[in-house]
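Heads up, the next two complexes both have chain A, just with different partners, chain B and then chain C.
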Partner chain A sequence: MTTTTISSTTEIRDWLRERVAFYLERPIEEIDSAARLVEYGLDSLYALTLCGDIEDEFDITVPPTLAWDFPSVNAIAEQLHDQISEQRLADR
Partner chain B sequence: MRYGPYAAAARLDERLGDPQDDGRLFSYARCAALDEGEEFPLEICRELDFLGLPRAYVPVEYGGTLLGYDEALQLMRVVARRDLTVAIGHGKTFLGAVSVWTSGDAEQARRLGAEIAGGTIVSWGLTERDHGSDLLAGEVRAVPGPDGSGYRLSGEKWLINNATRGHQLCVLARTDTSGGPRGFSILLVDRRTLDPASHRPLPAVALHGIRGADISGVAFTDAAVPATALVGTEGGGLEIVLKSLQLTRTLCASLSLGAADQALGLAVDYANERHNFGRPLVDLPQTRRLLTESYADLLLAEAVTLVAGRAINALTGELSVSSAITKYFVPTLVDRMFPRLAKVLGSRALLVGDTYRHGRFQKVQRDHRIVGIFDGSTMVNLHSLVNQFPALVRGYRRGRVDLAGLQAAATLEEPLGAFDRTRLELVSRPGSSPVQALPLAVEELCELAEAGEVGTVVGTLATELRAATDRLIEQMAGHRPTALDVPAEVFALAESYAACFAAAAAIQLWLRNRKAFGSDELRHSGLQNSELRHSELWYSGLWLEAALTRALALVDPTLRTELSGEVFDRLAVPLFAQHASGRLLSLLPYPGEEESA
Partner chain C sequence: MTAIDGHTADRAEEALPTGYLDTAHPLETRFGDPDDPDNPVGFAAFLRADERGELLPAGRSLLDTYQLGAEFVPAAHGGRLRQADELAQTLRPVFRRDAALGLGHGAIKLIASATVWSTASTDHQRWLAQVLLRGGQAAGAYTELASGHDLTRSTVRATRDGTQYRLTGSKEVINNVNRADSVTLLARTGDGSGSRDHSLLLLDMSTVRRDRLRFLPRFRTAGLRAVHLGGVEFLDCPVPASAVVGELGGALETVLRAFQVTKATLTAATVGCFDTQLRMVTRFALERRLYHRSVAELPHVRSVLANAYADLLISDCLSSTVCRALHVLPGQTAVYAPATKYLVPLLIQESVDQLATVLGARSFLREGPYGIFQKHLRDLPVASLAHSGATVCQATVIPQLPRLARRSWLSGQQPAPASLFRLGAPLPELDFRRLEIAAGAEDSLLAVLPDAAAELRADPELGPLSARLVTELAALKASCTALAPRNRTPLAEPIGFELAERYSILLAASACLGVWRHNQDHPNPFLRDTAWLALALRRLTARLGLPVPPGSATAEQRVFTELVTRERENRSFDLAGRLLA
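Let's turn to the complex of A and B:
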């Protein structure tokens, strides 16, 4: 997403839920945004690769350990929203 | 041109003396006897301490001599070339300390560095009896001490190298009862200061290989550990271990190279000495082919190791890829070398005791088995590559290359920049520069082939490699990323990718050093520029041709190249010349006694 509009936390959350559902090969409805990702069996080493998708989608740089420090979809989405907003502000 | 790390390696070699001389401390005879008696090579390790080897495990900024990891690799190879039990038993201190080098604070690192230089043995407590590679299942726990300061450590770490000899032990312990990737920490535990009642060694395990090694476990019971034992941050344990493994997995290649040198050397000896029906074995084409194919594999493994070793300093951010590949590829290639060479030795490959060269062949074959298992097994490393497929596909398609880093990793004359631990990354964002530079490098090779600077067959091989890599990347892109079980055939793609990396590293190495080493060969042989000789490793591109032939078959096992294998026959000349001079079997000239002083 290279447009100048800032994605809302909800948009980011929906996109993340879709990715997590994809990796876990489960329907998106089964992914609770508040649940810890490890509880779905998302292995901590695998969680590291999520950062590549995030960087491609939002055109930002995030630490690979993002999903370790923010262990649910909600927590990651909030963190990403903050980071994207800050960066866009800095870019202006 | 002289390869710097070889000067240091040859000095160590010379000071250790001729291993074939039974009167020497570090002789083959003595190592065989120790193995037979399952005894730890204590005196030999003391000798290595006396010669200052432990300082090579300590980065210069912390008081040691470790500057470029390429030199540490070659020093360890010198020891492994004589005996793997000694190399693993002594080198373990680097593994024990590496968490502090990558993540400890400067004061802690300086203190540990001074200890190691003084002979302190450090071991690494990661695994547990019931959990193996599954580090996050670890049950050893560290809870806050009663007065709120420091920790109380309890539980068992098992299959720990130097478990009883280690004075200090870097332990991965659960600091958050709920666990998870931030639930573990590394504690540098000084066992000399613990209450003796709070820790005990577990019984030694019986081993198939490296039988003299001190491998067992440690049990802690409410052991009081000071707060200063914490390495890095609390909760940082998994991250520290994964970063540290990137260094140790790369360095493990030195053990495999040393083992390969022993096995191939023994087989060449035997083939020269043994006469069947009035002819020496070495005159039989089939025997020669077994030897020269093994030599080609050794040179390919060495090329990967030379580039991956320099990549620690030069392409630090890509280590999650290069270290996994090195740790999978090099030990696997060497493990496959043994059965081939055993055919040359026949029954001598199996004999134990004094019958043939102290039974060294079966010993080194046994000893090497563990290299493919510890520090992350073949499966663990391939899985880590599979997880990184999206970045590897993206990087290849975009042709993303860290040109300066790649140049530094491959150019042996160039001094290496300082290792910067802040550049370590758990996953490589840019993918892998050597592989991603392949299209450019193949173009460069083809131009050289057209200009007659290298045989046309090298250009053909490189072009085939490029096409095979393009196909492989498409197959990797077709793998649906999954956090669940990875299908077995996807592991085969990771194996092929590792072979692509090996071939790409070999090409970079040849391109960036051919002038330096080729002109030396020219000078020594007195050849004219116009004569493209066929038995010089560098000048004619011989080693590259052989390495690419081997690697290509691993990238795509279905490829039926029309090549005759004649390249391996030409490889016999440098193999027998190196072997006869008693020098290291290598791509690079190893200094003789007169030059190493």
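Let's turn to the complex of A and C:
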């Protein structure tokens, strides 16, 4: 997603849910955005992989431990939205 | 970002320092002739100590006199640790003789301290440096038997109580724990099952209350019989809150960083064991006569020996390159280190099994001039398990592959700089903090393969070999990109593990090509020649299960000749080819 518009938190959240559903091989409807990823069985190494996906999708750099420190879809989405907004402002 | 900075690339153009290769390593000299039955630190003495199940006292005091502990302390803290590949070279004379001594009185200190060097906690670093510099013992209490290397399941708990933590639970199969002056402990400080629920504590064992801990009985092992594997149970044991090293909840991150250094360095050090085994069998083949000729004249035996030598060179190319990558490519070693620690022990193991068939009955005799062969044979699998076994390493590699496949492989990735491959050339000091815990989107070591293949297209032998490996890389890229999500985890089906293996083999091929390419000014013509490289690439192609393009018989012959020359000149078989004692 390399468009110039800032993705809304909802858009980011939906994309993240889709990724989590992909890794779990479960329907997206079953992914609760508030649940801790580790409770779905997404362990520490998975979380690192998810950070790689985030970097590729949003064309940003995030610490590999992002999903350790923000352990749910909601938490990651909010953090990402803030980071992307700041970055876009800085780029202007 | 791949290379660290411009001046490194410039420095790589400088002449290689090679004069030292005609002298033995100072540690090698101190140990002296290992074959001398009267040498108190020779093979015979180590074999007897192994039978007794104890580390050879004379070997321990030799390492203490040499102040080996300083080798594990970064120069910034007054030690001699600057370069990981140099550290491996220092450990090889020890591993050549006894892996139990090398690990139990040596590398175990790196495992115990690397985590501390990987934090920003200078007070703890200064204290641990003092312990190691005065020859103290350090133990790394990370694993528990029930959870193995799955550190997030560790149960030893540190509970905050005012200005203290109280420790409960036990750690098993810990080297030297009952004799340690310092213990680096991984303990649970949070209640969750996440990646921020564990912390590292550095325990000063001279102040820990002995009535609140209990050392567990020794675990006996099939190999490395001399190492002292024990355990410790904490009985509501109070330690000061200041024992926490680095960030609270930061243990997993620190371990993922630190163990890249230990994996690469230990793997490179074990090439010393392989050297001794290959030397024993080469000597046996040259001396023993069958059917009115020496065993070495039998074509099958020559082939086994030449191929084993190629395996040794592959092992050194990959492990030494990855040691140097810790300095040059610290953002990529999160995948290189486990790939190396997975592949090299496997390669050595299979090669040594072949060598055993040449040695025949002598491969299992526990005494006599070839007794050291069976000891190394038993020791290596145990040493390879130290702090992370093959399966854990593969499981670490697997989830990183799809992104590398998509973003880097055969996608215009710049190959690694020459400085990565320059044998013995100085590098900026090892900086544990710069190591990334996950490989990003770059894989510049693997990018050497397609780059070199393009350059070698016209070579009648290397051209088809490297082209075949590039085709395999393209297939690997397709497989990794299409890898089902469930197979990208430690719970992966065999396909995930197979891809990790194929990746490691291609990485080894890249390392061989890089070492060959960037040492064309090496004083030893054998290293500049294509023979060893051709044989190494053929070995790796066969290991991939691919048909090996027909090659010249002279490559094998030239590798065999070098093997015999080095045995006669008493030089190490590794890339360095340094004089031995």
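The criterion applied here is as follows: the second predicted complex is superposed on the first by the 92 of 92 C-alpha atoms of A that agree within 3 Å, B and C clash if a C-alpha of one lies under 4 Å from a C-alpha of the other, contacts with A are read in each partner's own complex, and residues count from 1 in each chain.
The criterion applied here is as follows: a contact is a pair of C-beta atoms (placed from the backbone, for glycine too) under 8 Å apart; a residue touches a chain by one contact, two chains touch by 3 or more.
Since the structure is predicted, the reported quantities are computational estimates derived from the model, not experimental observations.
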Query raised in the report: After superposition on the shared chain, which partner residues are touched by A:35: those of chain B (first), chain C (second), both, or neither?
Result: neither
Requested in this report: Identify the partner contact of A:75: answer first if only chain B is touched, second if only chain C is, both if each is, neither if none is.
Outcome: neither
Query raised in the report: So, does A:43 touch the first partner chain B, the second partner chain C, both, or neither?
Result: both
Report task. Please work out whether A:24 is in contact with chain B alone, chain C alone, both, or neither, and reply first, second, both or neither. Result -> both
Report summary line: Contacts of chain A common to chain B and chain C in the A-superposed view 22-25, 36, 38, 43-49, 51-53, 55-56, 64-65, 68-69, 71
Query raised in the report: For chain B, which residues are in contact with chain A within the complex?
Result: 136, 180-182, 238-239, 383-384, 387-388, 390-391, 394, 425-427, 429, 481-484
Report task. Please name which positions on chain C make contact with chain A in the complex. Result -> 152, 192-196, 252-253, 395-396, 399-400, 402-403, 406-407, 436-438, 440-441, 484-486, 488-490
Query - Interface residues, chain A side, partner chain C - complex - result: 22-25, 36, 38-39, 43-49, 51-53, 55-56, 64-65, 68-69, 71
Query raised in the report: Within the complex, which stretch of chain A touches chain B?
Result: 22-25, 36, 38, 41-49, 51-53, 55-56, 64-65, 68-69, 71
